[in-house]
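Here the chain labels run A, B, C and D in written order, and each chain numbers its own residues starting at 1.
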Amino acid sequence: MIENAKVAVVGVGNNTSALVQGINFYRSTGSLVGIHQPQLNGLGVENIDFVVAFALSEGKVGKDLHQAIFAPPNNFPRLDAELPPSGVVVRDGLTDSTGIRRVAEALEGAEVLLYSAPSGRPDIARAYAEAALLAGVAFVNTTADPIARDFSLLKRFEEAGLPLIGDDLASQFGSSVVHKTLLRLLEERGLTLVSSYQVNLGGTEDFRNLAENPASKKQSKMNALGSEKVQLAPLGYLPHLKSQKIAHLNIEAQGWAETAVSLDIRLQVHDPSGAAGVNIDLIRVAATALRSGRGGYPAEAAAHLKSPPGTSA
Amino acid sequence: MIENAKVAVVGVGNNTSALVQGINFYRSTGSLVGIHQPQLNGLGVENIDFVVAFALSEGKVGKDLHQAIFAPPNNFPRLDAELPPSGVVVRDGLTDSTGIRRVAEALEGAEVLLYSAPSGRPDIARAYAEAALLAGVAFVNTTADPIARDFSLLKRFEEAGLPLIGDDLASQFGSSVVHKTLLRLLEERGLTLVSSYQVNLGGTEDFRNLAENPASKKQSKMNALGSEKVQLAPLGYLPHLKSQKIAHLNIEAQGWAETAVSLDIRLQVHDPSGAAGVNIDLIRVAATALRSGRGGYPAEAAAHLKSPPGTSA
Amino acid sequence: MIENAKVAVVGVGNNTSALVQGINFYRSTGSLVGIHQPQLNGLGVENIDFVVAFALSEGKVGKDLHQAIFAPPNNFPRLDAELPPSGVVVRDGLTDSTGIRRVAEALEGAEVLLYSAPSGRPDIARAYAEAALLAGVAFVNTTADPIARDFSLLKRFEEAGLPLIGDDLASQFGSSVVHKTLLRLLEERGLTLVSSYQVNLGGTEDFRNLAENPASKKQSKMNALGSEKVQLAPLGYLPHLKSQKIAHLNIEAQGWAETAVSLDIRLQVHDPSGAAGVNIDLIRVAATALRSGRGGYPAEAAAHLKSPPGTSA
Amino acid sequence: MIENAKVAVVGVGNNTSALVQGINFYRSTGSLVGIHQPQLNGLGVENIDFVVAFALSEGKVGKDLHQAIFAPPNNFPRLDAELPPSGVVVRDGLTDSTGIRRVAEALEGAEVLLYSAPSGRPDIARAYAEAALLAGVAFVNTTADPIARDFSLLKRFEEAGLPLIGDDLASQFGSSVVHKTLLRLLEERGLTLVSSYQVNLGGTEDFRNLAENPASKKQSKMNALGSEKVQLAPLGYLPHLKSQKIAHLNIEAQGWAETAVSLDIRLQVHDPSGAAGVNIDLIRVAATALRSGRGGYPAEAAAHLKSPPGTSA
């Protein structure tokens, strides 16, 4: 008999909406479409229970989780599946480093804390990580804030026998992985890269934050693409796109006898779906690592993150 | 001291133009741009000498090879490098299965016969293969005609200690490899393919032939893409494109919770460059296999062909 | 008090499905989205009644029109609006030039005969036109078959005081009009066209017919684009696209000091919607011209057809 | 016998390079490719003489104009035409509003002052306009700074019998005109716009300035596109593009029965060529208006500017 993973989540934004709705969708339809790993260390996609949730905005705190995920500015679409109340009431989250103890108490019974708030507040991210340490809960940092890249923090999780995963979620299928794959293909086939660019457009609140504070994200993208010939245009926040992301990629190269090769790509995805499709795996990795007493960084998580330990902060 | 590979070529079309001009280009500039393997089994890109050439059209037969490669309908551009006469006068090629002995005699001194004529005349391809067998020369079939896929023929090459490579050259960087790579990426990331298409447009004589006789090529493409959800639009022969090829690819998939993922790609390459970039490797594989007495199919060639032995004819 | 136009239709394919469903959609929702002319000579979009319908396939003849429009191979989507039975039972259509009298009798009470069968059977098209003449009904030919371009036929409609409209419907918003508009813009701005291509991909039965018998359609496209520098790639019949059409257009030009200008366009539309959006206007033009006794070619129709009278057959 | 127009230019950037080189190119080749109006009020493209030039950077001031146009950060390519010294030595330009008299004296003999400096310094633009007024010379403002939109200034030019043209050059063929044309086409055909975006990428110094100070340019673009449903992504300064500009446009609309219509466009141009192709007309309009004593705003110029008099500043 499988025991469901017990998950606490910080941030009730689009990514949480996609994750929560998707788990319910797969549970009720039995569909396997779009699933990376139907079983991961014995846990299915449907074997996830949310037990605690934290948010900050008035429209979410105090609401049932299944209601809060539709509060503005969330704009991930409502999936076509019935969604009964969850029984989890969204709690008030941290706004600074005080309150760690309160959070730790709320985490009782949870196995994994999924940190899915907006990037750009490393102090808050770290406060939740401290609460997880205190409560004996695994921590998954999906933001670009450096948590798993902080070696002293990683060491403390390791010593406590607690898994720590991060930083900066690589989408299940986003512009970085497509770009990287095509650049690697070029190289494998012996072509010489001349130039390349990537433009990302999106309409979520997370996107707006990144567009206004591009620095940490850009470094993280660079970690993922790894070539100075690849240029990133500024993020474009276009509200009408809602939770869709559109990326325009261009690659100019030279092949045999220096003749030109051009590739233009347009990619359209639902950003929160790409996050949920990876979070579902990270949660299961974290939960099963915790259960088997493996603290620190689980190697199998690294492929899903843009800035794992050892990359530039 | 390196001994240059001695190559005979059948077909003085665009692919031969790109190969001949490119070798001269790299020799005179020292550039390494667009080269897959600068050294392959000890042979550099510049270590290729053309010693015999066969063609059919009046405008090519009897001309110096370095002049014949610019005769219409060839339309690969003239590269920016001086090209002195080669000393090789283009000979009259076969139009049916008679004349094998004549060809075999002309092959004396050659190590590799590169069969680079238009696809669609398997009888002629086979006649040249017989001539290679007779002359003790390795054979490289770049066309979609089934030669290396013919097991009895492959066995005879093997027994004679002669390498046989084919069929249907995979371009160094063409629509098939890009398409295949992205489809594989989808699968690796757990997305579910919904539909996909590929449109190829080009302006070479070879393209015109394929557009008018699509069957054998289409099977070969299907061997390369390997999914029934991928649809090929008819080839478009657009003369103004000359030796450029443009491909439009589309991929529709579903990710987490069945949300949509779309990829649109436009690829622009010089088709003959893509062929030359692979031929340069196949020639070196064939020459060095011959020198070391390895007959039959050299395993390292398979990755460069769309329909290697064992795939459908 | 507006009297609804009474329409007979030949062909119960996707275009008829889009037209019939769309009129019902606008009637029931009151929406004005996507409507070119809410009122045309006093008739609204909702002021159309279908009174007779002809088809050939077993799956359609004998069925109610509102049921027949969903029979395969039709693949235009079912719109989100309730569709009660129409009361019009689909009749058996013509398969050769006999039966004109039978059709004429069935047309009693109709004002407009919309000929919306597949292109490629000019004899059948002409037979229906003769029936319209006999019955005193206006005729709208949406196919590429030359009917309105036949001056003797046009003259007979004119003399009978009956409107005749055709040939070859220009989509409300299709690849031809987008291509033409951009080519004209180039010219207006003083750029010099170097080359251009257009690829059309679709999944309807009509598309399959055109892909297999491209000649008449191609001439009609050429009439619409009017430049020999524009090349049409062969139509690609891709069943999975269903009633969607995708067009890839490319325009290469030269501007100031002969520097390069490139335009690449991808257009995605529902082909039957593009047809219905024009048919709704042609029907209203035909009905009101008939009511006011204007026979022959109504000038206001010409803009909506690719091959109006006076262009090449 | 035609008397050449005598032109002074402020700013020796890429646009001036394209204009100066292009005039020389057309003069020496006799080509008419890419020319909007071979003759305009009797003046040909070759009937332009540069008589004075102002710049600020050390690498340009004191150099012959035909040498200065290649000084970095200029990156418009060197055209394939011989370019003998011009005899015009680039002078030191204004850095604030002082020096108007010095400029006016230098303008003696000139008929038109083409103000082609970077946007974003309205005080400097105005100082040159004052110098033109003082010297009795027509003024053409190609920047987004409000000069022709300043009614009191326009009135003074009008009273002095001097033409004043501006503001913000519409490219001969740029993203604004393509976008606007397609949006108008949608409307003409009765489709309903749902959403639209535009991303512009470029590598010139001018582009860098605009990317860093987007406000005035954005208002000007909005004047040109005129719909709140059209969203502009931030400009992307990608140095490797040099003087090329790439724009990605998307248009989502609804047609008949609210079915979806999508248009994706990729446009690639040399930005300075697009400017030169319009400047050549504005100079000729200004020169001939001056010669015939028509002061103020010449109506025929308005179509070439994004923010003519009467639009928002």
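In this section, contacts are C-beta pairs under 8 Å (C-beta built on N, C-alpha and C of every residue); 3 or more make two chains touch, one makes a residue touch a chain.
Here's who's who by UniProt: A, B, C, D = Inositol-3-phosphate synthase.
Predicted model only: the values in this text are computed from it and were never measured.
For the pair subunit A and subunit B, there is no chain touching both partners.
The geometric centre of subunit B is 49 Å away from that of subunit D, both derived from CA atoms. One inter-chain figure worth recording: subunit B and subunit C are separated by 45 Å, centre to centre, where each centre is the mean of the chain's CA atoms. Within subunit C, contacts with two or more other chains are made by residues 264, 266. If the chains shown are joined wherever they touch, the resulting network closes on itself as one ring, and no chain has more or fewer than two partners.
Against subunit A, the residues of subunit B that register as touching in their complex are 18, 21-22, 25-26, 31, 33-37, 77, 79, 172-173, 177-178, 181-182, 185-186, 189-192, 253-270, 273-274, 276-277, 280. Against subunit A, the residues of subunit D that register as touching in their complex are 195, 197, 199, 201, 211, 229, 231, 233-236, 238-241, 246, 248, 250, 264, 266.
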